[in-house]
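One structure is given below, represented as structure tokens, and several questions about it will come after.
By written order: A, B and C. Residues from 1 in each chain.
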Amino acid sequence: MKSKSRSLLVQKIALHMVLTPLAIVWLFPLWMMVVFSTMPDHGIFSPEIVLWPSAEFAANFRNLQADTNFIRAMSISITVAIIYTTLSVMLTSMAGWALARYRFAGRAIVVAIILGTITLPFAVVVIPQFIMVAREFRLANTWIALIVPPLFNSLGVLFMRQAFSMMPGELFDAARVEGVREWRIFLHIALPLARPTMAALAIILFLSSWNNYLWPLLINSRPNMMTAPVALGTLIGLTRVSWGGIMVGAVLLTAPVLVVFVFLQRHFIAGISAGAVK
Amino acid sequence: MAKIKLENVVKSFGAYQVVHGANLEIEDGEFTVFVGPSGCGKSTLLRMIAGLEDISAGTISIGGKVVNDTEPSDRGIAMVFQSYALYPHMTVRRNLSFGLEMNGNPKADTARRVALAANILQINELMGRRPAQLSGGQRQRVAIGRAIVREPQVFLFDEPLSNLDAELRVQMRVEISKLHKQLGTTMIYVTHDQTEAMTLADKIVVLRAGHIEQVGAPLDLYDDPANQFVAGFVGSPKMNFLKAEVVEKTPDGAVVALSSDRNVRFAFQLSAQIGLGATVTLGIRPEHFAPPGGGDADLTVAVEVAEHLGNTSYVHASLAGETVVIEQPENRHGGARRHLTVGVPTSRVFLFDQTGNRLR
Amino acid sequence: MLSRNRAAYAFLAPYLLIFVTFWLWPIINSLLISFQNTRVNPWRFSLSANWGRLFGDPAFYNALYNTLIILVIQVPVMIALATVMAVLLDSPLLKARPLYRFAFFAPVVVGEVAYAAVFRLMFSADFGIINKLITSVGLSPVSWFDNANAAMALVIIAITWRWAGYNAIILLAGLQSIPDDVYEAATLDRVSKFQQFLHITLPLLKPIISFCVVLSVIGTMQLFTEPFLITNRGGPGGGTETLGLLLYRQGFTSLNFGYASAIAYTIAGLAVAISLLNLMLGGEKK
């Protein structure tokens, strides 16, 4: 017994000796983001090693706001993410419901097309999407351009379809026998039961919209319609720019989602791992 | 009036047919049980009556009206499901009222019906709970209550007791029986359990592989099964089947000898023609053996196991490779016997041909 | 039952409309555009304008080379690291588990732009904290942005930091779906922990590792933000230009949509081909 508990202790120590340095390295960039955001620009570009926050966050924020209207960009990002998430959860859960629970002509084809194209990279559609939205519909620098095209995302459909097909079918038959209409079955029975799945999906969708960079960069390049990542991105690489300000922007972009992550970790992890473990 | 009539009802999934032209009439107020092994099409048939499955061919009418294209909710039916299918996120009260509510039933009337159902099923104290907080038996009551509030012309039950333990199953069986007496409504009940069928039914419909094998009152099926399948399905323990051979033709029938013991012979009066040397199957129920000498022939078997139930015992024995189950009065002083001799009254013996058709 | 099917179509229709308009049709359209000379007005069919040009374009080969280098080095390193993270995080001996989980999983929620900015600053040649730390232990500083190899290394480090935790989450879920009694049986059979990992964990995890590899391949094939923002638009001198970046430059700087579409289809084709290859190799043993 003694040797067993000793070997366990050795294992335990070894485990923490591997993980702790790794964890420190992994946390380092996030920590430095916070440190940089509080340092004056001359401090960032001084030869000393500074690993502890200073007190210039507010000043850096004013610099950021002077370089680009970051408050406006943030509010655009928040609005877009909320509307996009709401719409996308609605659309994908309706579609997932249809594909999970009805045997209609064409269902197999729709599922096959979604499955067959889901792994294609976004790169393959970005050009025609851009031409269509910017040139044919003339919707560049609009809310619609930011919100509607990314709704094609089909992961949510599969995610919701999975959730709905796991529910016992008798539940919905029971409602049908009671004369409950299909859309009410969906609304009053299926959706409430799918709430955890919807929460996981909503978090993933919100995050993807909040962090989306390439599409907003292409379609909304006019400064008054830039999202926060795009606005921040334009500053990176400029020569006369406040790096402390950029770091404040990075913190402001990161902090809300990090808070969401910490509090809703379970849903978040469920959302990410759903694709792999069936 | 809620008479139900099935005419040549067919169900197929693609090229695969699961119900082959069912014809059936169910009288108003009758308790009908569909029974058969799993995959026989009994649930499919019920779901077609409910309107949850399309009818591939034929017609179903309820109360004289063809309902093939009628929505489930407009058929005047209510259904109790195997899994109960209670809405997990709603209280018992809401589970009962939900359907009426969604259909715009007046509030006062809904409340009246819910209260009535709760009284009938004695679930008043459960009304505020959710399904997860209920025991299996309580869930079952709520599921039945949800059917009652619809005040249907026909109740449909799809294996409603199969998720309950043995004791509750017996208890709920009695309650469903009482409910039928109380409401007097037509009920159709699906089960694979022949005991449930025998105890509940006015009329049993035995199904196998998508065909209706026999329709009749429980005791008629027991006494007078149409074929070997029904004979084997109805009754517990199952009827014994023994291989036999026609060894002699008589003017009005034949003499048949057991393949396992050719000295055991029975003379039958038969209307059907049967050739000399034909292989047939004898059927005799475990409870129909007589004491030695008490029948027309004696049969000696090798005892393998005896199950003692207290008032009676079942002896599992073998006869040249065939298994025979014999019901015996409990004998506490006899000790374990290696051989058992019983009498077989010819009047209790059924005779089937090779394809399972009843000859006698 | 007809009315029920009508309901199904009604549920599906709104999404399907978006899906066809912004995904299915662009996929087809992209292929069509790649066969058009888009530098004349109106566009004209031409095989040589894009596809012909592609195979003789040194910029394409440079981007392809860079992308494949990142793929070959970064994906295996990251998946191995993610597997280690997942296995160690799954250990019942671990204390302060939430803290470690936070450390490895937090980068997953950090936006590309935010982390690109931090990495750019951390690795800055003269005043970057990384070079300060390197020199403080007596080594010579690395010019992360002027040396092509160092710049590639930086891109690889950055992506690995951002995505290792993501893969670890997926792998961890896979680990947790392996029943405990398998390990208990192995322990009773005197199979060592390491052998258990080798002969039980890895084989059972293989389909999930495959899935992670496929996701990473697709991501790497269209890699854009990191070389765009961190190494300053594929610098130095195209040293970190990826296919994704080339697509962006051709499509949205030069507005040569036809050529960009040909590049896009090449990206997609390679992603699909490499994924299938991986799935075939992975499925071999079953």
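Here is the rule we use: a residue touches a chain if its C-beta (ideal position, glycine included) is under 8 Å from a C-beta of that chain, and two chains touch if they have at least 3 such contacts.
Note that this is a predicted model, so its numbers are computed, not measured.
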Most centrally placed chain, judged by C-alpha centres: A
Most widely separated chain from chain A, with each centre as the mean of CA atoms: B
Computed distance of Cα centres, chain C from chain A, in Å: 16
Rounded Å distance between chain A and chain B, as computed from the means of their C-alpha atoms: 56
CA centroid of chain B to CA centroid of chain C, Å: 60
Chain C: positions in contact with at least two other chains: 3
Multi-chain contact residues (two or more partners), chain B: 71
Chain B - residues contacting chain A, complex: 47, 50-52, 71-74, 77-79, 81-89, 98-100, 102-103, 146, 150, 158
Residue numbers on chain A that touch chain B, as the complex places them: 168, 170-171, 173-181, 184, 188-189, 192-193
Touching residues (chain side chain A, partner chain C) in the complex: 8, 11-12, 15-16, 18-19, 22-24, 26-27, 29-30, 32-33, 36, 44-49, 51, 91-92, 94-95, 97-99, 101-102, 104-105, 107, 110, 113-114, 117, 119-132, 148-152, 154, 157, 182-183, 186, 207, 210-211, 213-214, 218, 229-230, 232-233, 236-237, 243, 246-247, 249-251, 253-254, 257-258, 260-262, 265, 268-269, 272-273, 275-277
Residue numbers on chain C that touch chain A, as the complex places them: 3-5, 7-12, 14-16, 18-19, 21-27, 29-30, 33, 84-85, 88-89, 91, 93-95, 99-122, 126-127, 129, 132-133, 136, 161, 164-166, 169-170, 172-174, 177, 193, 208, 211-212, 214, 218, 221-222, 224-225, 229, 232-233, 243-244, 247-248, 251-252, 257, 260-261, 264-265, 267-268, 271-272, 275
